[in-house]
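In the two complexes that follow, chain A is the common piece, with chain B as its partner first and chain C second.
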Partner chain A sequence: MSLEQSYINLYQAHRESLIATSPEVMNTMRDEAIGVFAQKGFPTRKVEDYRYVDVPQAFDGKDTYMMPLPTLPLNSNKQSVISLNDESLLRRYYAKTADSEDAITALNTAFSHECICIHVCKNQTLDRPIELTDTFTSDEDQMEHKRVLIVLEEGASASIMLRYAANNKMHILTTQVVEVFVGDNAHLEMYELEETHTSCTRFNQVYIQVGRYATVKHNNITLFNGLTRNTIKACLKGEYSEVTLNGCVMADKSQVVDNNTLIRHEVPNCTSHELYKYVVDEQAVGAFAGKVYVAEGAQKTVSEEVNQNICASNDARMYTQPMLEIYADDVKCSHGSTVGKLDEMALFYMRQRGIPLAEARMLLMQAFVGQVIDEIPIAPLRDRLHIMIEQRLKGELDKCVGCARCK
Partner chain B sequence: MSENRNEYVKQVANEQYKYGFTTDIHTEIIEKGLNEDVVRLISQKKGEPDWLLDFRLNAFRHWTSMVQPKWGHLILPEIDYQAISYYADPTSKSKSDDGKPKEIDPELIKTFDKLGIPLEERMALSGTAVDAVMDSVSVKTTHTKALEEKGIIFCSISEAVKKYPELVRQYLGSVVPYRDNYFAALNSAVFSDGSFVYIPKNTRCPMELSTYFRINARNIGQFERTLIVCDDNSYVSYLEGCTAPMRDENQLHAAIVEIVVMENAEVKYSTVQNWYPGDAEGKGGVLNLVTKRGHLRGNNSKLSWTQVETGSAITWKYPSCVLSGDNSQAEFYSVAVTNNYQQADTGTKMIHIGKNTKSTIISKGISAGRSQNSYRGLVKIGAKAEGARNYSSCDSLLLGSHCGAHTFPYIDCHNNSAIVEHEATTSKISEDQLFYCNQRGIPTEEAVGLIVNGYAKDVINKLPMEFAVEAQKLLSVSLEGTVG
Partner chain C sequence: MLEIKNLHAKVDGKEILKGVNLTIRDGEIHALMGTNGAGKSTLSNVIVGNPKYEVTEGTITFNGKDLLAMSPEERSHEGVFMSFQMPVEIPGVSMTNFMRAAVNARREALGQEPLKATDFLKLIRDTQKLVDIDKKLVSRSVNEGFSGGEKKRNEIFQMAMLQPTFCILDETDSGLDVDALRVVAEGFNRLRTEQTSALVITHYQRLLDYIRPDFIHVLLDGKIVKTAGAELAKEIEERGFDWIKE
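And then the complex of A and B:
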């Protein structure tokens, strides 16, 4: 039996229970989605977008994932900005911007049974950031398919953080689809912070749609993980809007982090920035593919993309692929990409002054990824991340008491 | 200014392709179609030994198991490989029994004269030896005597197979094996003429070597094969030029160039590619599907690719370097100009294997009209390539709002001591620069020419003198008036 077929069978086996516990909107798309998945199959390395991760292997061999899906009570009472399965919101926005042709997104659409909805009303400004923490606590190996919908109506403004953590060492396989709609004049700051463990496999697909005069800042920070694939696709649909995609990755052991981003400029006069920094150590593999697409007629586009990476050990591997696809002439687009090592002169300078090599290296790495953190406007979060990165580099994230990574 | 711009665009659209004439000459063309018998026939016509026929047949069998690649950022028309003739010999009439032309048909001499390639040695540009290839056959190679005195071999590959079979056998397919890709397999099965260059040890080639490729006959494909071997402590500079007549249907050109560079040797390979690009509506033109690769085998070896790509309806070409020798250096300089409906997907691969290897990539794309121009490149640093260094810079210039400029660089780094840098920019000509020139009395068109030439200068400067002049002219013909 092919791998795809085992997932299709799993779907058939749980279809009834999924439908019974999920909102109607989500149910209407399931069969179609599994059809797309059956037709496409898991993307292999020959598929350009997935050349750096072995998707079939990530989904394979772990029969324990095939456990019955949990059933949660259906909750459609909307009490606050955050709710579960807000039916009216789902009707308007669910699966409207996600790429229905992507096999992993289709798999998620078929299997997900609840959707976390964040809805910021017209002209509403959230005075405090929202943090959603997703902690894997299962004491059995588990597969999960998560769905998040974020809608900022016209003129709204919010800061939202999605944090992924793990409490124990079970194998976890998750797919997540996040759909983000940013209305005209709306402003969104979004953070994704991953500090899971080495037996976590995550496929995270983020689709962002941006209206006129809107700004979106997406920060994607991977501090500790197993295998992570982030797909971030931002589409500029209204003029004079601005998108920033920033990210930093610290990977060692045999961790794999693949960030695949796309910024689509469909209308004129928009700006985009992108800054991704990686430190890959030990046997880790880092991959970055960032494409900026400027459609015909999207004049006056300004786009700037920077990807800088450090290979800290000889077994670490880094793949980078910054791409420009441009069909309009009055544009200013650039990208820069480097892979290098720590500055020997700077290391020498510090050692000369009595700083041990390990610490000097750490300071340099901290400063290197610090550039991404420094761009974060929320001061407490910035400070917290700086501390976390320091701990990460010192190996202290590994040494805390009680968490799975240290056991 | 916008009115002017339209006028210029019209002018350029009407610009005639200078080399679009055809030569009326008796040409022996074999039956259209491709099968094992055709491969055998080509081999037989060339009087090849068995090992080469086997090489061709293996390649052909492998080719039949492959499908045409689709990964390029190109709209490649369906090629009917059975509708093409794979061998055309314009020298057949004047051949004597041993297969060598007795004397060259005056029509051929006239053709090459018209193209600016005199076949008479006394008239030839001093310091350049030429191998002139029309369709599937080498017409003449000049200055071979003078070169032989130094032990340098410069002749057509068919001649080399006869005279120096051991050398050819040793190196043919060693850099680009027939399994490499679809078009390489096709070429390996049916390749006709091309040049063979061997520079012995401790020799500096006293003149530029050059091959000029011309497609003349209708409905044929040209499958040239060039093999350059530069032995220890030697140097050679090799130039390649090409043109084709104007035809409504696409002409297929699938070549392989293999270069082997030994210890302390240096090879400079320059191309000015000016195949017929098709008309203003995108009809016709040459499909230029080429595999070029150099293997830097020896320590301290050096290879430099310089290309000016102005022609071809479709260009699919990635001159690459495999840097095996320690301290070896590779360079790639490219200017690719596309206009009307031309499509180019070109770039390079730098594969670092040896220690302290260095590579530089400078690519300048200029797209106008409704053309699509892509840079695609790979820089790969192997796990053992300690201290490898790469610098890449690819800039694109867009002239007109309907064209596209794309950059697809890949960097694979498996070593922590490597330093790899890549940067790319895409923009149009700055209004400020134009204004500055206008203000000083330079008309817009001239100003654009000035700016574009300055933009491409980094690459043009790397070409040998005669080629640089030609390239500059080509650039201005391709661009004059495209922009305002």
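And then the complex of A and C:
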């Protein structure tokens, strides 16, 4: 039996219980989604978008996995910003921007049974950032399919962090689809912070749709993980908008982090920025593929994309692939990518001043990725992340340091 | 304090030092002069343990200990300091974090507790005044965007923070105008104690007008070919090195 067939069988076995516990909108898409998955199969390395990570292997041999847990104890009051399975919101937005032809997204659509909804109403400004922490807790190996929907109506503004943590060492396989709608004149700062463990495998697909005169800043920070694939696709659908996709990665041991981003300029007069920085050490593997697509007629597009990486050991590997695809003639687009080692002159300079080699390496790595953190506008978050990175490099990141709850 | 015997060293496979002998006692200032490529910077880099340089023969002892067996950081903890000819820019590492790491690493090696944050900041403030360095420089990334003069002044600031017993000034005068040179040299003189020794590497007499050496050595083609008192600098300034070769 093929790997795909085992997932299809799993779906058939649980279809009834999924349907019984899920909102109607989610159920209407399941059968079609599993059909797409059956037709496409897991992408192999031959598929351009997935060439840096072995997807079938990541999904293989997981037949001990349990099916999804009961519903999360979340407020389902429709008046609150965060709710679970807000049916009217789901009817308007669910699966409207996710790529239904992507096999992993389809698998998620087939299996997910609840959706966390964040809804910021028209002209509403959230005066405090929202942080949602997803802590993987299980006594057994487990597979989970998660779904998040974020909607900022016209003129709304919010800062939202999705944090992924794990509090034991069981093998966890998750797929997650996050759909984000940012209306005209709306402003979103979004953070995704992963600090899980080496036996976590995550496939995270983020789809962002942006209206007119809107701004979106997406910060994607991977501090600790097993195998992670983030797919981040932002689509500019209204003029005079701005998208920033930033990210930093610290990986060592045999961790794998693959970030695949796409910024689509579908209309004129939009701006996009992208800055991704990686430090890969020991036997870790990092991959970055960033495409900026400028559609025909999307004149006056301004876009800059930078990916800088350090391979701190001889065994670490880094793949980088910046791409521009431009069908308009009056645009200003740049992209650049570097892979280097730690600066040996700087290391020697620090050692001459008495700083031990290990600490000198740490200071340089911290400084390198720190540039991404320095661009974060929320000062307490910036400070907390700097501390977390320092702790991470010292090997002390086994709980969420700098966070009020864990003090 | 420092004793170098029959030192041979290579860089990129090429032999540069071909048997250097040099003894520096407590409190002495030695100047090292010589043509470009004679091996002056190689000698200073070998003393501080730059991994790019390979010692093939000879010994260096420092206060009776085998210096060549130590890592660069251990040599620093023993009290060896080099003011770099070209100080390195380290973007993203603040001077404060850099100095805190350096000061506390040295204290740890000496079996002392790390400095408290308030004591450390006070040390920074006091030292800053002592060597007359702009406050703003101390709050920036290490050497990033500093002018040539600011970089050299920053070297003296770091020297003051770490209080070494043996200092190498590797062409500290290069790229400095006369005023900056005086400030840096005066800074060094103020930091000296009776025990502090130094090896001053320079092309010109200028710096030696401010930092009076007890001895001047001429290094040519990887060997010290002449040693004399401070008056030698003036003669070299007038006549060059050719007469020594002959």
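The criterion applied here is as follows: the second predicted complex is superposed on the first by the 384 of 407 C-alpha atoms of A that agree within 3 Å, B and C clash if a C-alpha of one lies under 4 Å from a C-alpha of the other, contacts with A are read in each partner's own complex, and residues count from 1 in each chain.
The rule is short, and it goes like this: a contact is a pair of C-beta atoms (placed from the backbone, for glycine too) under 8 Å apart; a residue touches a chain by one contact, two chains touch by 3 or more.
In this text the structure is predicted, and so the values were computed from the model without any measurement.
In the overlay built on the shared chain, the residue A:395 is in contact with neither chain B nor chain C. Of the two partner chains, chain C is the only one touched by A:348; chain B is not. In the superposed pair of complexes, A:297 makes contact with chain B only, with no contact to chain C. Within the superposed three-chain model, A:35 lies out of touch with both chain B and chain C [touch as defined at top]. In the superposition on chain A, contact is made by A:370 with chain C only, not with chain B.
Counting the residues of chain A that each partner touches, chain B and chain C differ, and the larger count belongs to B. In the superposition on chain A, A:357 contacts chain C only, with no contact to chain B. In the superposition on chain A, A:329 makes contact with chain B only, while chain C stays out of contact range. Comparing the two interfaces of chain A, the one with chain B and the one with chain C have no residue in common.
For chain B in complex with chain A, the residues that touch the partner chain are 71, 73, 381, 383, 396, 398-428. Of all residues in chain A, only 48, 296-297, 299, 309, 311-341 touch chain B in the complex they form. Note for the complex: chain A touches chain C at residues 343-346, 348-357, 359-360, 363-364, 366-368, 370-371.
Across the interface of their complex, chain A is touched by residues 48-52, 71-73, 75-77, 81-82, 84, 87-93, 97-98, 101-103, 105-106, 109, 141, 158, 162 of chain C.
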